[in-house]
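Here it is: the structure, laid out below.
Each chain gets a letter, A, B, C and D, in the order it is written, and its residues are counted from 1.
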Amino acid sequence: MLGSGFIARFYADTLHAQRRKDQIISVYSRDAANARRFAEDYRLARHDTDMEKTIAAENIDAVIIALPNHLHEEAVLACARLGKAVLCTKPLGRNAAEAKRMLEAVEQAGIFAGYLEDLCYTPKFLKSLSSVKAGALGRVLWTKSREAHPGPHSDWFWDKALSGGGAIIDLGCHCVEIGRNFIGKSVRPVEVMCWADTQVHPIEAEDHAIGLVRYENGAIGQFEVSWTFRGGMDLRDEVMGTEGTIWLNSFLRTGFDMFTTGKGAEYVAEKAESATGWLFPVGDEAHELGYPHMFSDMFDAIEEGRPPMETFYDGYVVNAILDAAFLSAKSKNWEKVILEDWRGDRQTSHEKSHISYNEQYYLIKKEILPNGDEKLILKEKTTGKVVQETKRK
Amino acid sequence: MLGSGFIARFYADTLHAQRRKDQIISVYSRDAANARRFAEDYRLARHDTDMEKTIAAENIDAVIIALPNHLHEEAVLACARLGKAVLCTKPLGRNAAEAKRMLEAVEQAGIFAGYLEDLCYTPKFLKSLSSVKAGALGRVLWTKSREAHPGPHSDWFWDKALSGGGAIIDLGCHCVEIGRNFIGKSVRPVEVMCWADTQVHPIEAEDHAIGLVRYENGAIGQFEVSWTFRGGMDLRDEVMGTEGTIWLNSFLRTGFDMFTTGKGAEYVAEKAESATGWLFPVGDEAHELGYPHMFSDMFDAIEEGRPPMETFYDGYVVNAILDAAFLSAKSKNWEKVILEDWRGDRQTSHEKSHISYNEQYYLIKKEILPNGDEKLILKEKTTGKVVQETKRK
Amino acid sequence: MLGSGFIARFYADTLHAQRRKDQIISVYSRDAANARRFAEDYRLARHDTDMEKTIAAENIDAVIIALPNHLHEEAVLACARLGKAVLCTKPLGRNAAEAKRMLEAVEQAGIFAGYLEDLCYTPKFLKSLSSVKAGALGRVLWTKSREAHPGPHSDWFWDKALSGGGAIIDLGCHCVEIGRNFIGKSVRPVEVMCWADTQVHPIEAEDHAIGLVRYENGAIGQFEVSWTFRGGMDLRDEVMGTEGTIWLNSFLRTGFDMFTTGKGAEYVAEKAESATGWLFPVGDEAHELGYPHMFSDMFDAIEEGRPPMETFYDGYVVNAILDAAFLSAKSKNWEKVILEDWRGDRQTSHEKSHISYNEQYYLIKKEILPNGDEKLILKEKTTGKVVQETKRK
Amino acid sequence: MLGSGFIARFYADTLHAQRRKDQIISVYSRDAANARRFAEDYRLARHDTDMEKTIAAENIDAVIIALPNHLHEEAVLACARLGKAVLCTKPLGRNAAEAKRMLEAVEQAGIFAGYLEDLCYTPKFLKSLSSVKAGALGRVLWTKSREAHPGPHSDWFWDKALSGGGAIIDLGCHCVEIGRNFIGKSVRPVEVMCWADTQVHPIEAEDHAIGLVRYENGAIGQFEVSWTFRGGMDLRDEVMGTEGTIWLNSFLRTGFDMFTTGKGAEYVAEKAESATGWLFPVGDEAHELGYPHMFSDMFDAIEEGRPPMETFYDGYVVNAILDAAFLSAKSKNWEKVILEDWRGDRQTSHEKSHISYNEQYYLIKKEILPNGDEKLILKEKTTGKVVQETKRK
């Protein structure tokens, strides 16, 4: 385990729960005290402030990178050099160039490399994705992924040079990859339009942004990210298809409602912004956020010699899309997604098929009105003229 | 009542319910059969195919325009000419130029003119707005208004020349005005970014669009409109402020859930896309959509000699914003909102105030971590450097 | 208007809203100051402390009784004597004997008499009832109606002698009549089992009770009432039928969620137990509670010479059921509902029909298992033996 | 693994997921083909139709009983005889006498014995319980646990002699133990009132029941169970305390909503009663139902030499409560819970403490009315008289 902060603890809590067989052996931190404390808390045999030594140790099969964004590349390159399987937290890089170097390093070294994109492993997401792939929603037209809360946990997040950006890089990486999965990873992301602003916090980076990613088949992947939200952590996704709709709420409304006057107790609800009144805890936070399913896929993939569901290549594509988002926020134009290394479909057509009503007309809509009348909206095939027919009940 | 279609019936149902004292006297329709049927259904004394005659009749105090978009101007000008109070359905015009002519006509004629923007009168909206104005959410940063369903009820909606556009003009007018109310009507809308596409239907106009309206104070009013949604009518609004959040759901999740196998009955749920399985009816549709409160405000305003909450000027501003949206969908740039007649505040600053932690630092965030530690994220006032302090529990 | 307290104000607010034509003329209160304040607040021409005089006034067509429970009988008898239409708030009497005397008085006087059971007029209830009557749920098996909050608004509620009981008489009257409507007013309520206790408040009457009303056709009408609930006002109903299910939430979860830190404002949410954190206001409280539809039905019924949907006879049946509930809470047995005056069906059979699978078997259940197998659970018609058949996918 | 049916498969799916270290070695079934199929599906080394031999095998550390209710005792006695740790599915026995014999057998044998009550291990339940124990709800007054669906999966469930009853024994065992946990396992259950009926299915046993369990401290544990529910699987719990409220929904409303026209696909949603329209899947069914946390607690307990959270003694208490419920459904009286072996508190008082307002009065309620007035409801300490004070705003 490289890193001993908030996310490293979440990972460790997950791996140490539910009688899992995979064990954390040692921890590296730049800060000796933090390394020692982490090792104590999780009863690890070793802790160190020397990253290379930690990675190189003999009984280490895989390395988990839970470091700040600006240290990912260094750590990945070390793993590649030392030939150790590597799992890197999100975002992969601060930008596509960094991500591409990491991707190339692990591919040249021939090591296993997994991208720890937990929100693409939540149980709700996995089941949704399987429904979408089974065709339950028809052709996907639009996805929206939203992550908003009052701001991240560590100083480096708030420093653009170290993190690579604000809410876009921190939260947008999740949202973009969720949309990409629903729309199809083989469909090329073409261009991005993004608004971003620093509305509340005394920082340089954006604390609120909305973006639209347009894919080659005409589908839109929308992201909404914010460090200015009040009320807890808002994690919601939506998918619209020609034959259906999915709405997911992964945190604030999951079937767990609690009201407390706060009189009886020193009780404080996790991640909530208030400790009294109506609160909305989640049952098992790590599970709801996808950590257990993510690590199961990763270690199963290592054992089975297959790539995981989320790879370094995915991380690279996400960074490329976010690069375009940052550019667009400045230029105020739609910006092309630059993917020097595109491995998906060459060309995806904007597939549309219209429903023929009879020889003369296409059917636009058929509807029963409140007064019982049936109404048909039709379009003449040759002239394009729209007409309606009403049949009285 | 000018018009005898879907919306005219909704208005008439509202006015004839709940023992209201305001009476519909006569109906005008271009089609004699429709006029007669409407008059029969609502037991009106008169029906006609001559608009001017209908308006001019002596016992008519106010005229309700429930006509297709391309006929609004003609009807409004007739009311102005004949000196009758006029209530016009949404959108006011097909574009800002048309709206401006209507606005000027009623102001020159000195007649009462109300803009029938029902979704700014739903009980949930009215109570939300009063909370926002009372400061419950602090400074408003972002609003989102979403209206999506499988498409409108009449042929002319689907013909761009008659309607002025597709989902943007039909649904976006609601969403834009909802956002404008929350952000403040006196705050100038500056520019619009909009994506629009015809993803499903065999029409020229857009059947899906997403737009961002940026206001002078930095707030964003987002709209999401679609004629391609599956699952019923999706009507949701959100507001984010520095001190709070509002989520409104006006149709599909209002505390009314019904499951039916469909075996026992010929029962068909209104506006639902299915008649079996889980259904989500609303209790009183007109009420949930704001019609009763809208007409109460309009007629009260006439009696009290005050402007209604939604005026022709509001309709004009909405059209100007939508004009920019249409332009942006084509140009793929942010487009300025052109308001030749701006009556709000001259300049609104991007007000931000940072919280001083002590002489040296601003406070970015204070947080209790899962392990009980307290963490402070601070920014040095002089250098801008971000640091963190952790106090062990 | 007889009475000037909490419920009288709710009624007056309803009648004075939405441009209704029915006018309140005068108010009676036992307390002169309260009468004057009420008259001022609602701009009434007259106020008085003489009940008889108030009722007898010439321009009064109908009398609304919004008095404490122990004064209903006196007021109803006065209306009967003076021949004025009377609308009486719930519960009709403190017990069935009192209710029966009121019922007989109005019937002998031949006056219109309406029972102001508002929760049987909420928009959600009305639409549900129409679905149930249309057969969408098949045969109704069970209903549950729940009303719970931290306790009522006036002193007399808390005094058993004046009110006739605690939460059972105050809230149970709603719940029982909701269940009775869904199950069918013509189906005889046979017996009641009820638990009641004084769990929290320093009072004699029960502050929490659960009851089951068994109807002749085997259906159960469950009520859950409490003055000890924390979190606001909990108003929920459920209906289970052989072909479907209905869930209604009329107050705390109606599609209106608000979070506020409470910093910016002196804002206080109505009826909520807290003014900060997550709050759940309702859009239009009177509407959600059924008042507008209730008064429309009442006055329409007067004009149309028909009985209203909720009559004094209904009020009497409710009181008879509650009498049995009180008895059961003491005796700890099921207690018969004593209805000397039963106007519904003489006998309703416990109708059940079993599905024949083939000549040999009834079908109990058919199911697809997670592994794809189809499983049939069958019952042999002659022997009653239960067997299963599994067909592998 | 003893048993190869529906629940055995659920257990095996759980144990084989998420890289758990505990392994299933062999399976016993009365039916050789079923045993073989199960062993194949889960890649087990051995399968057998000899129960004793299966239990006795050397490399077996613990035995999981996933057999029909009438075979639990035989299997438990075999484990006791052979000295193997035993985990038995719910309900422990068909009645308290059977459960007591099993309890005594395992205690005399000195073996580990765990009661597989999965719904007391759902993540939502575990977090709720910890909040309740931390005092967030004050004194618990009432709990409600509800489980309802269209009926169970195997023939023996529907045969009273084999199962011990219908919905009460099948589902009530969950609900009773959930309530007992919230109220406190050391508080004695005193008596039970239960209604039960066979409303729909062609069976002898009850397919619908409602029961109230009264505990010595006055708290009520309500259960609602049904095999007649339409709409899927309804799993909801509620807790009311003097300082708060909890509402849990574990299946049909967990933040996962999907609409599908069903056109595109052969997709069938699990456990749903319909495959089109609005569907409400759960992300990870086993997790939502508590299986992973249950097995983790069981195996951790074995390793740590401590009892699990749910023991055979708990199973015995549940059976004793259900015995009283069955008796009450027949006798139509409250029936005592007979616990020959009671290990909890000897006596729990009905603790109530009233809030003193001043020397003269207790405070019943303090409230802000809609018109801004503050109202106090007080009770005179000496006379018990209830009075109110209103302070105008």
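Keep this in mind: a contact is a pair of C-beta atoms (placed from the backbone, for glycine too) under 8 Å apart; a residue touches a chain by one contact, two chains touch by 3 or more.
Since this is a predicted model, take the numbers as computed values, not measurements.
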Distance in touch steps, counted as few as possible, from subunit A out to subunit D: 1
Pair of chains joined by more contacts [C-beta pairs], A-C or A-B: A-B
Interface residue overlap between copies subunit B and subunit C, same or different (over half shared): same
Intercentroid distance (Cα basis), subunit C paired with subunit A, Å: 48
Averaged-CA centre spacing for the pair subunit C and subunit B, given as whole angstrom: 36
Chain centre separation (subunit A, subunit B; CA means) in Å: 32
In subunit C, residues with contacts to at least two other chains: 230-231, 242-245, 259-261
Category of the chain touch graph - line, ring, star, complete, other: complete
Partner subunit D, residues of subunit C touching it in the complex: 6, 9, 41, 141-142, 148, 150-151, 153-156, 158-159, 193, 195, 197, 199-204, 208, 210, 212, 214, 218, 220, 222, 226, 228-231, 234, 240-245, 268, 270, 332-334, 352, 354, 362, 364-365, 367-371, 375, 377, 379, 384-388
Subunit A - residues contacting subunit D, complex: 17-22, 122-128, 131, 134-138, 243-250, 253-267, 281-284, 287, 292-293, 295-296, 299-300
Contact set on subunit B toward subunit D in their complex: 230-232, 259-261, 273-274, 276-280
